[in-house]
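Here come two complexes built around chain A, the first alongside chain B, the second alongside chain C.
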Partner chain A sequence: MQNEGLKNIWAKYQKEIADDHYYYLRSCIRQNFFPGAEYYFLKILREVLGKDVYDDPRHTTCTGIGYHSDIVPFETIQTVVAREFALMTAAGYRNVAVSCVTSFGIYSEILETWREFPKELQKARENLWKATKREFEIPENIAHASDIIYKFRHQIAEKAKYKLVNTNTGKPLQIVEHIGCHYAKMFPVKGIGGAEFPQVLSGMIAAWGGDVVDYPERRHCCGFGFRQYLVQQNRGYSLSNSKKKLESMQPYEPDAIICNCPGCTMFLDRWQYTLYEMEGKRYGQNNESIPVLAYEELAALVLGFEPWNVGLQMHEINTESLLDKMGIAYNPDEKYLDKNKQPIGSFNKTGCLSCC
Partner chain B sequence: MPTITERLAQDVRFKESINSCINCGVCTAICAAAEFYDYSPRQIAGIVQEGNEEKIIALLKSDTIWFCGQCMSCKTRCPRNNCVGIIIAVLRKISQEEGYFVESRMGRQQLLIKRNIGSTILKYGYCIHPEIVNPEYHPEQGPTWEWVYKNKEKVYERMNANLDKPGSGTLRKIEQDTLQELRDIFEVSGGVELFDKIEKYSFEKAAEMGLASNPDSMDNYVKYISNE
Partner chain C sequence: MNKSIVVIGAGVAGIEVASILADMGYNVFIIEKNKNIGGNVAFWHHLFPNNRSAAEVREYMNQKIKVPNITLFPNTEVTDISQKKNVYVVRTNKDATFEVGAVLIATGFTPFDARRKEEYGYGIYDNVITSVDLEKKLERGENITTTQGMAPKRIAFVHCVGSRDAKVGHTYCSKVCCITGVKQAIEMSKMFPDAEMYCFYMDLRMHGLEYERFYKDAQENYNTQFIRGRVSEVSENKDKSIQLKAEDTLSGLPLKMKVDLLVLLVGMEQGKDSDKLCDILHLHKTPENFIQPQDPHLQGNVSSRQGVFIAGTCIQPMTINETMQNARSAALEINHYLLHL
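== the complex of A and B ==
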């Protein structure tokens, strides 16, 4: 097949990703709900790939959730982002690794604004100086954390202990990937593969032995909707969008869903629980729910890190079916133990959770 | 005093988001909000492009501008490279600056978001902290989250997090000097001014509705907008 033309078209949707020396910016949602994902991202970069990453205690939220729910003005978020860049500059770094897709979209939007409207950049510099007496350089390279895992996906594959292969059948696992709207829908050139055919997760899945499920609502929003979830009365919007995706992927019987964005990971996990409680319906194989993982968690599993150390017990939907298929050894009795191997509180998994 | 249309045009985001819309409706076809609400981004683009001051003010007072979920799917597909999601953000900004947001049910909810996410940002340095995800108001988070919430210290310690403690790491305590920098940024860049406006207009509406007699006793209004 002659595909030089296609290669030329998609060449512009490849991005440069720095090779080393990252200034890490954490995610509000990922820290709360999947803290192991951030821990293992840093561990993989430092200990498996030998990279230098700076984890600065002084950086804060980018305020992106506040901005997209309209309580934080554009001028304010520009100044908060300017402060993150000032910290990066002061620490001697020029490459940023962003844990959150909402933040990544914010950085993309603000850098484009500063490029198009230099007066906005000047105003951000003045505001930052007035508030903090800090100055900043614009980063040379901004990557979402998943871009970095994508860049090193083949090195991870070389060191992998497990593959995305069903050890019972020898066949590739069927994986749904969900990118998250703000990764590339606003600025397609900022994402690997653009907005329509992002490769950032599908590249990892293929490198680690799995097959990517291509289903009709693959690019549909998870339904976060910012104010549509934050305000309790509006959550039907959020739930309905996830339901639309789950119904669309169900016929393909996926083994797992892998997410790029921390919010999407949480919603596709939690709304499966909610939908079962509301309607008694599940969307996975054998009338079970579909495990939902962050890409960092998946990378850690592939590399052989222990599932409960990675934090899979914090997911509402059990992930054991995926672990079993991959042939990953784990002790079910240690799932809810603390660091000293003592039980952490107690709770009864009911309904959906009793068996999925 | 500039007109609303002029104020829209002054926002750089608005300038970048509307380039002679051809009203093709692709944005509405892809819109996540249009499927679940009586909402059409195509109509929003049409109204702001028309520049009719009365129609725009009616929009600013309506539920309509609060339906968008800010997914920005409209941006990807628009053949004119417009972005109604960003136009909506600018409309919402002006609606809050002018106090029009309290005239609609969905708009009034901004007080809830300001008091929840806004307060969390300035108190913790994060948009979300485990403390604010109370299972009582988040039944969708399920029993696992309830277990996490009740046993925060041990669960986050197990995950190698650094919950509310000094130093780096997941959910570390953001130190006071950093929080002060964040507050100073909000002060100089209009963040505090917007918070104050949301409170001021919400109180005036609460007083008009007979649900509050002073700004410190807004409980009945908050209860009302949480359930209307």
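== the complex of A and C ==
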């Protein structure tokens, strides 16, 4: 891979990211699957970087999953998005930070629609007014949460306690990055680095000392694909997509997979378990599975936050191999204890998938 | 009558116009931004459809300008053109000034920058090259190998890179790429007889008399398979070979293939030179960004400005043969204009 070529492409796809005062729009599913990701996004921004983020309990799902499953009509989702913007407006914010890649795609698509077809914007304003008596301003800046972490990646690196370096060998960790289809494939200009050679996660990985693995199926869908998974009869198709990616990255012996999107994090994590159950096959080093983390979780680890507080026990694939390589201290006995040291329950199957 | 003409561009069109006008007794000043004449043919190896050496065409051009009333100004660029009645005053970056009766623009084309088709990985993956790169390597006598020094066993060619592609703003056909792909596949097959050649196309435009024969020859005698489908994505394998994905639209199946070398058949586009002259002279352009002739049927070499003429691939994509004929027509047009001033 020629770095100069990458730099040329990356230079084409940089965008303005607000420096402060974010109105945070959460994901529907992350709080259930990987709750530490959003918690640590807020914590890092507020406590490490000193930024102002408003986490509004009144905002709802963007209904993106319903929209992409043909359950929610376009007119409805525009009104829902208009309501999110109305809440932002009422709270006195102009910069949106979106947690979910699906939502980011939805907001981008709707803003483009309103730009191209102003009548749609007018209709959305009317529908929102009829339903809620609310009005809204269009955000001045809209960024995916990973854009914001990318923007501050060097500040995070300066404050880092750990690097993405194998402390046993001194070599950079080999990290697979997966940005998720709806981050940049629909609107390449809205993603840092574009759609073909995205920089948003690879920029973080490089800044924190790791190497990015460029494997042949890097751009391929994780397997979520909405209807591929949501229609039960299609789940084999979902699984086969994940398998294709895992088989393609296997020769590179990655130390971890870092994801941008809630669905991708879940599917690349959970389907490794399923594939093992079905075929008895693992795709990581030493016949183990590959740890899968959200970028906020990775940022939190780099900054030295305690792994079980970051929520890594919620992952199907154990992450201890990564923690060991990074030299992060942890107490295995506390993995499934809450803050009062009471057991929170554990996965039945997790332990069989890796070394612990 | 001012019997002097400035020709901008010393490629196939510019040289041919200059030599004909010189034969007619005009003084011709050729302004060329590069050190050498020849334009895009300067680095080409062999020409379709008969595989003649491009050096023969270059030699023809070299001979043509060796006449007293043609003066070549290499490494020179036009900075300004102004008009005083029927006289054009052309200034260059070398502080030269020419007062002439007519100006001919023959700035040619710029090969499409394949980096703009990011999905093909040109400039990023080592073993992805363009048709121009391949010609240059052949012309320099370099061994054609992968960047790992291996002889390629499977080579793929992607047609229409930067042509007929609304995504890059080029809806037009560049005319020469299909037959260049066939020619290069045959050349590679001759060089590597055991290797497999694959050409990915959306449809093949074999408009020349001999092109269909050439195309058939590639399939029958040079191990070249034509797959109707555009390549959607290119990746690099661990061994630096190239993985490509395409749809074979005839069999209706998606296709994934590993190749050792991927050649992108780049089309033509207008570059900064043409843009700059159009700005200076306020010339009309086509929606495709080529210079607009006054009348596509009857005045194909006349620009939208009196006394400024156009020839060759600054007007539209052309083969070398077509460029030659177009240049001859431009010479007659200029002569006719100057005689009737």
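The criterion applied here is as follows: the second predicted complex is superposed on the first by the 332 of 356 C-alpha atoms of A that agree within 3 Å, B and C clash if a C-alpha of one lies under 4 Å from a C-alpha of the other, contacts with A are read in each partner's own complex, and residues count from 1 in each chain.
Everything below uses one rule, namely that a residue touches a chain if its C-beta (ideal position, glycine included) is under 8 Å from a C-beta of that chain, and two chains touch if they have at least 3 such contacts.
The model shown is predicted, which means the values in this text are computed figures rather than measured ones.
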item: Which superposed partner A:41 touches (first chain B, second chain C, both, neither); value: neither
item: First, second, both or neither for A:196, with chain B first and chain C second; value: both
item: Partner chain(s) touched by A:114 [first = chain B, second = chain C, both, neither]; value: neither
item: First, second, both or neither for A:216, with chain B first and chain C second; value: second
item: Contacts of A:270 with chain B and chain C, given as first, second, both or neither; value: first
item: Residue contacts on chain A - larger count, chain B or chain C; value: B
item: Which superposed partner A:185 touches (first chain B, second chain C, both, neither); value: first
item: Which superposed partner A:5 touches (first chain B, second chain C, both, neither); value: second
item: First (chain B), second (chain C), both or neither touched by A:22; value: neither
item: Residues on chain A lying within both footprints (that of chain B and that of chain C); value: 195-196, 219
item: Residues of chain B touching chain A in the complex; value: 11-13, 16, 32-33, 35-37, 66, 69-73, 75-76, 83, 89, 92-93, 96, 106, 109-110, 112-114, 116-118, 121, 125-130, 133, 137, 139-148, 150-151, 154-161, 166-172, 174-175, 178-179, 181-182, 184-191, 194-195, 198, 226-227
item: List of chain C residues in touch with chain A within their complex; value: 115, 118-119, 121-126, 233, 235-238, 243
item: Sites on chain A touched by chain B in the complex; value: 26, 28-29, 31-33, 35-36, 38-39, 55-58, 60-61, 63-66, 68-76, 78-80, 83, 105, 113, 116-117, 120, 127-128, 130-132, 181-182, 185-186, 188, 195-196, 219-221, 223-228, 230-237, 239-241, 244, 270-271, 273-274, 308, 311, 313-316, 336-339, 344-345, 347-350, 353
item: Contacting residues of chain A [partner chain C, same complex]; value: 1-2, 4-6, 8-9, 194-197, 214-219, 251-252
